[in-house]
Amino acid sequence: MAVYEHLYGAYEGESQSALSRFLVIPRYALRETFKSKLLTTIFILCFIYPLVATILVYLHHNANALALLQINVRELLPIDASFFLTFVQMQCAFGFILTVLVAPPLISRDMSNNALPLYLCRPLSRAEYVLGKMSVVVFLLSLVTWIPGLLIFFFQASLAGFAWLWANLWMIQAIFSGCMVWIILLSLLALAVSSLVKWRVVASGALLGLFFVPTAFGEIINELFLTRSGHLISLWATMKSIWSGLFGLFVRQTGQIRGRVTTPIYDNELVDIALLEPPLWVSWLVIALICAVCVWLLARKVRAYEVIK
Amino acid sequence: MTPTTKSSPTIQSPTTPASHPASTASTASIPSLSSEKMIVFEEVSKFYGEILGVNRVNLQIAPGITSLVGPNGSGKTTLMNLMTGLLKPTQGRIQVLGTSPDEPEAMFQKLGYCSQFDSFPRGATAREFIEFYLRVHGYTKYETAELTHQALERVSMLEAADRKVSAFSKGMRQRVRLAQSIAHNPSVLVLDEPLNGLDPMARAEIIRLFRQLADAGMYLVISSHILHEVDMMSDSVVLLHNGYVVAEGEVHGVRDEIEEHPIQILIRCDRPQILAARLFEHEFTVEARIHNDRQGLFVKTRRPDDFYLLLNKVITEQNLQIESVAPVDDDLNAVYQYLITSEGGQTR
Amino acid sequence: MTNVIELEQLSVTFGKRPILKSLNGALGGRAIGLLGPNGAGKTSLIHTLLGFHPPTSGTARIFGQDITTDAKQVRATVGYMPESDSFIAKMSCVHFVRLMAELSGIPAKHALERAHEALFFVGLGEARYRPVDSYSLGMKQLAKLAQAIVHGPKLIILDEPTNGLDPPTRSRMISLIRQIRDGGRARILLSSHLLRDVEECCDEILVLKDGRIAANCNLEEERKANRKFIELETRGERQGFVEAVGNLGCEYALSGERRMKLIMNETIEIGDLYRLAHEHAVQIRRLNFKRDSLEDIFLKAMENGNITEGANSSINNEKAVENGNGRANDGGL
Amino acid sequence: MSSTTEITEQSAATNVNQPIVNRARASSWSLWTRQTLAVMSLEIKKNFLSRRALLLYLMAGLPLVLLSALALFPPPTDELGSFSEMSQVYAAIYGGLILRTLIFFGCAWVFMNLFRGEVVDRSLHYYFLAPVRREVLVVGKYLSGLIATIVLFSITTVGSMFIYYFWLFPSESARFFFDGAGASQMLAYLGVTILACIGYGAVFLLIGLFFRNPIIPALMLYGWEWINFLLPPFLKKISVIHYLTSLVPVPMSEGPFAVLVEPTPAWISVPSLLLFTGVVLFLASRHIRRMEISYAGD
């Protein structure tokens, strides 16, 4: 009878390629996220609006279906820039809910039990770790936002013919970059918050708070001071102006009041004053600033040891 | 089921039940003391809900170093928390030098506890941390500064006194906590694994400090896992397992009482077979095994005194070249092995 | 014996405080013990070797690979077991070790086999399917060891593996480390404060003292028995025996009522001691040659670190504390 | 409680080195006061300087910032009422914003964290191991929390009143304050603020001790205090806000549906609040005596 010695042995097999090693973190994280039933249901719910949009596009180009439902084609929503603008806004809102559920445990679970040294003592740099975690959010959100958007766009183009496609070609770039800006902003923000806080629930709360509290505060300031600059600190308002800018539908003036103003021309007379939205470049600047702060926070917190000066 | 019946009755060293407190067999040099001068546990048991902390513990701790030894979760920390009033016993009575743990004002004048919680007020330096809690005792500013200085000097942490504790290594944090527990010169010192994380030099220093405090009549109750250090520094040992006191008393005393495990000795010499043959001619040699490098002999005997004298005779007659002679299991490690590991069996 | 670690003027400073001051040396032992007082820079050295932070100047090579330029290759061949608790919560141990294996470059299809192999080796039986945060301290250490060896590294760095473990788990951990060392496939760098554990596991030691190398020696050579000193522990009336030994012409010192230290000159054999013991009916309970224990080597390293500390006076007391079994306050040699 | 003098010689006798500390104790009362003062000074440092205090500064400063911002960048509208409605509008600001939300949540944050903060930081056992009565601990911490909240919210009350009045009608306000009813109104508001801190402080101290996760009970209390204006008179009495609103100099109009009830006079509501606080402190110290240290995982 042969007695086999199962001793500790080195590994002689071939090692993974760098890419497949990079994909380890997203693969494990995705498997972990889709374990929770709540998230999978919400993920499916996100596809309701794209379905509705597809039906709408289909109805536009199908005469007898219209006749069947006795709807006149003119009453239908026209498929144009504003259609896709509302599509992007809807899907990005759904994307935010998804992120609030997906992102927090990504880093906070590793931070709470000091697992970072285990990651970083392996052939994995800090950037690869963060990018790996980020790719989970980017992948999920892309599935929900610009991928269905472009599919619907090409579905419409195939039905509407070449002329329509040639005329609206610029819209592809608008849909894609609109969604990508939101995806990158959200993933950086979510991961930064997730690395600051050890408990998952608190991280989700903080992310929600970061979104709703400044927006509410911005509205209060707008009401109290009768201006529109409160929108600068409200994330949603800034993104809306960026999206409308991308789709060429940006309107500066969004309100008017009668007020007494003393300027060189008028001395304390009652006159109409226009309430102007912050200009587009300022919105882009705000978003860039937030991303920079998040990257800086991640660089400081994602570290294998505590540095105490 | 009283603990004493679990293992042979004589294991529990002759501490008669506490109904009439008698002197323990710890060290003969301490005269019989009334409960005023002892730390007494009477039928103490503690349950966290249904989880057993300790069960019907009867102990009398005399001045000097008493070590609590036992696997993780055997109730060492529970006993210490009970003794210092951080936990209330489910039933039974505890007396520390005449006062009970639930009168904090009286008891903590003379008791210091260095626990395992490695936590400090945020941003405090070592000096601030100690002065922080000394002020609560009611000392004046001058007294606090003086006591803090002395305590830090004892654990040789004076030069790092004004640096932030959060930047300290594990060993240095441990020393600061130790200093905090002895700052108000208590007469009873309870320490939960005080040497955890200390470097060898610091361990020797701190053990000498404990020895110094014990010789000055202080009561030191120390829990530790490093058995050879416990052997070296403690006057009496309490072995705990699954919440029961398995054995208690001076190490050698406890060892002699484990009848079913005869004393084992390793003799390293040049011709072990001859030595074995001659030793077997006498009935008190129970077992002999040749060491696998054929240069040594493991011998087990029930009557060590006669055995050693026979050994002298055999060695001189056979003129054997002796390399070394050493009892293999006369220390706490062996006692731990026989009483806890073999009986308890670790569940993986 | 190819060198495991080569240090070339490796120095590290945090902010203004210099932590490692231009370390030089080559370590070739199968298991290297890293010793030093608190705050001597042990953990910083480990972190630098792992590339957690770049050295301020100089560099080091592990199996010939430079830790700054090809850090990734170095980390692929190194396994690290951190000192503090580190695991990923709410994840079964098998899943956790498998993730770590894949992160170290083992393809997905082999990773599960390797994970079970490592867990079988460290002895985590059924518990491997439970989440790691339900483990006791001892089992967490074993899980950490499993993740350090799962990808078959050539060098395993263990930071305080036996700290805080109870005796049975500690001896289990030590036997595992010895098995890995004797397996010959991987070298070990063990940082610990428990000298007995280092003595049992390591064959080479590196002692650091506030950022400098205080000693770097092979343990076997240092600990050869020096024939001259003998320590005895007797039982029974020893006065006659002591005089007899005295007039045999060898110096002796009594410490406590049972222990005795002798300096043997060439003429006297141990046989003579036994002949006298037999004549005076004295039991020799313990007899051994004086060997430098790791503690003595450590103290010597600390002492020549800074002579001014005047540690000589405490050396004897030190030895008394280390070897004596009873109370520690009996006089030295 | 054996007097402390006996203990001192006993511990001095077994003192290790020469007894450098001759702690002659006049009586236990003087010891208790000194210990309470010591605990208070330590806690005040924590309440004012620690990161945790940031939220308190934020809340206290909010009305000041808002009002001064309004004063500096006045919105270009002209429907600012006459001076007479000023006190009415300020009462609304004080009652709605300052009293019901800022002071409520400020006290909740400070007093709940008095003990819960120590449990989270795992430093409560250092206090329990000091030779100090648990009652002294409770009183010391409570007073330190009180000082923190009273100081900050008084500044808020007085500051917001001044900015609000002097921003719009500087001249009339000056006359109103120096010889009109202004000064007495401000003192009344100050009194209400202090009483609010005392009352709410005691309630949240209790909540912080009895509940492992006190956020839900705090929110439930907020709901109960918020619907107070709809409650029948008897139910109104079982709340802190009722006594406070009956003490406010200018009654805030609580909307059309409010069940109006005549405010309880000052000489009843003030002592009843203080009595309530005393009972709460007694309950808290009794609970602390039995409290055990178990820093379970978070």
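Letters are used for the chains, namely A, B, C and D, taken in the order the chains are written, and counting of residues starts over at 1 for each.
Rule of thumb we're sticking to: a contact is a pair of C-beta atoms (placed from the backbone, for glycine too) under 8 Å apart; a residue touches a chain by one contact, two chains touch by 3 or more.
Fair warning: this is a prediction, and the values are worked out from it, not measured in the lab.
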Chain hops separating chain D from chain B, counting only touching neighbours: 1
Partner chains shared by chain C and chain D (touch criterion as defined above): A, B
Chain pair with the higher count of C-beta pairs in contact (A-D, A-C): A-C
Maximum centroid distance from chain C, chain identifier (CA atoms): D
Geometric centre distance via CA averages, chain B-chain A, whole Å: 60
Euclidean distance of C-alpha centroids - chain A vs chain C, Å: 53
Chain A-chain D separation of Cα centroids, rounded to whole Å: 42
Approximate Å spacing (C-alpha centroids) for the pair chain B, chain C: 24
Per-residue multi-chain contacts in chain C, two or more chains: none
Residues within chain A bordering two or more other chains: 309
Chain A-facing residues of chain C, complex: 14-15, 47, 50, 52-53, 72-73, 75-76, 78-80, 82, 84-91, 99-100, 102-108, 110, 114, 117-118, 120-121, 133, 147, 149, 151-152, 154, 179-180, 183, 185-186
Chain D-touching residues of chain A, taken from the complex the two chains share: 198-199, 224-226, 257, 259-261, 270, 273
Residue ranges of chain C touching chain B (in the complex, touch as defined): 35-40, 43, 83, 123-127, 136-139, 160, 163-170, 193-196, 235-236, 270-271, 274-275, 277-278, 281-289, 295, 298-299, 302, 314, 317-318, 321-322, 324-325, 327-329
Residues on chain A engaged by chain C in the complex (per definition of touch): 6-16, 20-21, 24-25, 28, 32, 109-110, 112-125, 303-305, 307, 309
Complex interface listing, chain D residues touching chain B: 1-2, 4, 7-8, 10-11, 14-17, 20-21, 23, 31, 34-35, 38-39, 41-42, 46, 50-51, 121-123, 125-134, 289-290, 292-295
